[in-house]
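Given below, in the form of structure tokens, are the structures.
Shared chain: chain A. Partners: chain B in the first complex, chain C in the second.
Here is the complex of A and B:
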């Protein structure tokens, strides 16, 4: 064993080649410049635009005051948070259930289902509202069968259902990863002591997976808060979220000043949700 | 085994099947069936047709596909080059800077796609850099949206690299550039390819930011699908969506074959 203990002294660090020696931090500058120009510069442009009026004249806080006291804006804020919260809750319930079964009550073909869920995450989001429209829309399949679906797809609950369908796989993936780390012997012990499945899930599995659940929940909340494609595609007249309002004010209404105020508000909420997600992720790593 | 009672296990599986069918499988199946339906106003479509699928390849629609492919490939190339560069540069930074710069590169994740679209539209429609009305503006927004994604995928692979490789190579006299090209990049290739493939798939289906900035002369396939669905042509929209899904499946299939071979 002494041979191992008496390891030869580490060779001296080779002198870094002097051919083009620049400090390490210089190499990070090109991508930093890219993000500064492509992301930071436009964001600064948006914030600057909030202090102008519709015709791009300096307006101080007038646009802020007008936009934030607008009833339509306040109700859009409420709708955005409501849709995101309901969708996140639905995704957490459905996603955790799917992951629990895949991990702890496996069946032949469970691996194929896991792979399907991996793939679905990359599909275009508008597939869901399109399919919902065909099935449950005002002239959809269910309607023609005499099921009065009415305007369900364009209601708040229709949008929530579409977002749950699209984002549930985003919860299944991290939960499956968390469950695969879980020692199954704990389940066997709990089970042999007479604990039923629900009790084991509530008392043993979920507490251990809580950090992963919190991280998945905050990520889903961030994504559903910012979701635009699904809401736009649904074409719901009564479900106006902030991203939707940003689009209609700017592209349709050509009022870029008011849209910029909305975008700034949306950005602040989004960064808040993202910081929460990062904190929860770091907590989960420990 | 979590559920010991066989009857209960069957009940759990039945519930699983209902949730999976309802949320994941039905939307895909309905899209495919709609793409092949002449009309669908009963339990099953009244007649099947390949007309809508054939329409995907009419000149006008094919032009839209071409726009989407070019945009996705160029945007992903920009994002993957910038993301890989950033992922290679960040670990060499002094420890104090590393966390802050890493957070900075993740910043685009926290920016809503509609805000990316609005910001780019406002910023690049006026001097000094004018991109408004050109394809570049669409490529730029898509590159921004997938950059953080490419960065974090390649970063994860960089952190798995054995630091001894660099030291051994360096002690043998290889220059930093040679180490990068002959050692580090080849080892990172699987994750770079995965980042590129997934970026292309995501860009091909991107709608939210694209619809904010696209010029009439540069209409991507998702924008075409949106206009089709908006005018009530659900069948044409479904055929195009099915095409996008197929493109995604092919990219992911090629990537997983590539990964299996690399092993």
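Here is the complex of A and C:
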């Protein structure tokens, strides 16, 4: 330690800067402009289209009334929610099981299995129903081996199975991330207290992973709700979902007004599912 | 609290087997030649010791010495490569932790964050299928025992570290285990809270006279305060095990002398000792508090030069170099006594009664 005997020389005055500061709101403008052009404008256009008739004449709420009282639409809404709910449940069960095994049951090749699951995400969704068709279709491998599969692949359950096969990795990844953060000492302690593996999973591990489970479930529900490629390529004539109906009415039937109503309803369901997820998460945090 | 007796001769009317069974019942935990290996790495080598009912044995050692591995082998968290683990006379080497009848308290508390204090404590009873009518009174009883009765409805995140550790202790005791394992239970607490919890553990120890406790720590003051016997661990093996008094005053190995009490080890002829000398080669060991500085030549001492000084609250710890041998020794000077100046050469004196003899 030394005492300071002389004051240090004063630092030189900074030269007056020529630069000027940009107001913060200026930086917000480009993304806002992009969202307005790329998202809001088309959305407004679609919603505006719902208040016209098939010939694009103003129709008030007539198209809404006609569409929402149409039996085919109500059936499609029910089928969409049913397929999405069943697929989500299947994905959650299969994805959680796979993640539990990968995270807590060390076995040779676990890393390779993990990578393989990731690869499925990179596939186009329509490959899955085509693959299922090869395996379980009317002239598929199972049939040739003498296992009767009937019209399974073109049934609602065939669509659900294809969606589970494609979307399960969307559950595995967040669950694996959650399980990797889980303190294994809690498993040790629970075990020492007399709990078996199932009780430890149900009472200790899964409650801790509930936020990840809710996030994965919500994401999968939203994705399966809007799934189009799998349903189309399955070729299930009796499985008409809202996206399929939008396609049929707009492209095949040229009824853009009705298709716009369906698209708006689909959007509202998706936003509703997201809001519900947020509310559940907030409640869980409390 | 006493260690299990050995070499018992059969009283009249009892055969040797009956005596053997009696002795085995007294032994709550037994490790016989237990080793734990991961590939080429040996985490625990040929470790054997016993813990009697009502006894507390502290596993004391530096990081990586194998003390936590030994505890995990008892708990069943580590797969034993060779050897046998017994609990209450049963061979539990290959039993799952759930079937061993142990309670465990860990450094990080490991409370289940989504459960209230009461549910955490009830977890063990529910897992073992206890009668519903039995659970609530037992939970209330153990929570009162650790002074947490008023916090039954709180979540772990609403508690302090010390309170969480009390809940963890209550949870371990709820199922009335024969053996309680404590893995550095106070390490995550601040100094004040650690002191309070040490007192709490001493009180609990007295309230559980039949429970065997194994206490893993790297803090010798915790080991000396709580344990009946201390097992010194070093390099994945058991270095020494004996009563706290015997280990502290008659360290059987050089490492024990230096690790337990921070003694400096000197050649056999460096000082006089009033303690009996062994037949074989030996060393001498002196703890820092046993030295006194003097400026006149003492009857039993060493010429030293002061190198550095650390203030440790109640003492100043002086590091000094022995002029004759060039070895470094530590000397604690009470804070109210003037410490010598740096680079000053003077004498360090020690009472021959405080010079310990360590077999070489």
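Going forward, the second predicted complex is superposed on the first by the 257 of 286 C-alpha atoms of A that agree within 3 Å, B and C clash if a C-alpha of one lies under 4 Å from a C-alpha of the other, contacts with A are read in each partner's own complex, and residues count from 1 in each chain.
As a convention for this text, contacts are C-beta pairs under 8 Å (C-beta built on N, C-alpha and C of every residue); 3 or more make two chains touch, one makes a residue touch a chain.
Nothing here was measured: the structure is a model prediction, and the numbers come from that model.
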item	value
Which of chain B and chain C A:51 touches, first, second, both or neither	neither
Chain B versus chain C as contact partner of A:199, first or second or both or neither	second
Contacts of A:116 with chain B and chain C, given as first, second, both or neither	first
Partner chain in contact with A:235 - chain B first, chain C second, else both or neither	first
Residue contacts on chain A - larger count, chain B or chain C	B
Touched partner set for A:226, first chain B, second chain C, both or neither	first
Contacts of A:186 with chain B and chain C, given as first, second, both or neither	second
Touching partner for A:263 - first (chain B), second (chain C), both, neither	first
Intersection of chain A interface sets (partners chain B, chain C)	188, 191
Residues of chain C defined as touching chain A within the complex	72, 75-77, 96-98, 100, 102-104, 106, 108, 110, 112-114, 123-124, 127-128, 171, 175
Residue ranges of chain A touching chain C (in the complex, touch as defined)	183, 185-186, 188-196, 199, 203-204, 207-208, 210
Chain A to chain B touching residues, read off their complex	11, 13-14, 16-17, 19-20, 24-25, 27-28, 30-32, 34-35, 37-43, 45-46, 49, 94, 97-98, 100-101, 104-105, 107, 113, 116-117, 119-120, 122-128, 130-135, 139, 141, 144-145, 164-165, 168-169, 187-188, 191, 197, 200-201, 222, 225-226, 228-229, 232-233, 235, 243, 246-247, 250-251, 256, 259-260, 263, 266-267, 270-271, 273-275, 278
Residue numbers on chain B that touch chain A, as the complex places them	1-4, 8-9, 12-13, 15-16, 19-20, 22-24, 26-28, 30-31, 34, 40-43, 82-83, 85-86, 88-90, 92-94, 97, 101, 103-116, 118-124, 129, 140, 143-144, 147, 167, 170-171, 173, 175-177, 198, 201-202, 204-208, 211-212, 222, 225-226, 229-230, 234, 237-238, 241, 244-245, 248-249, 252
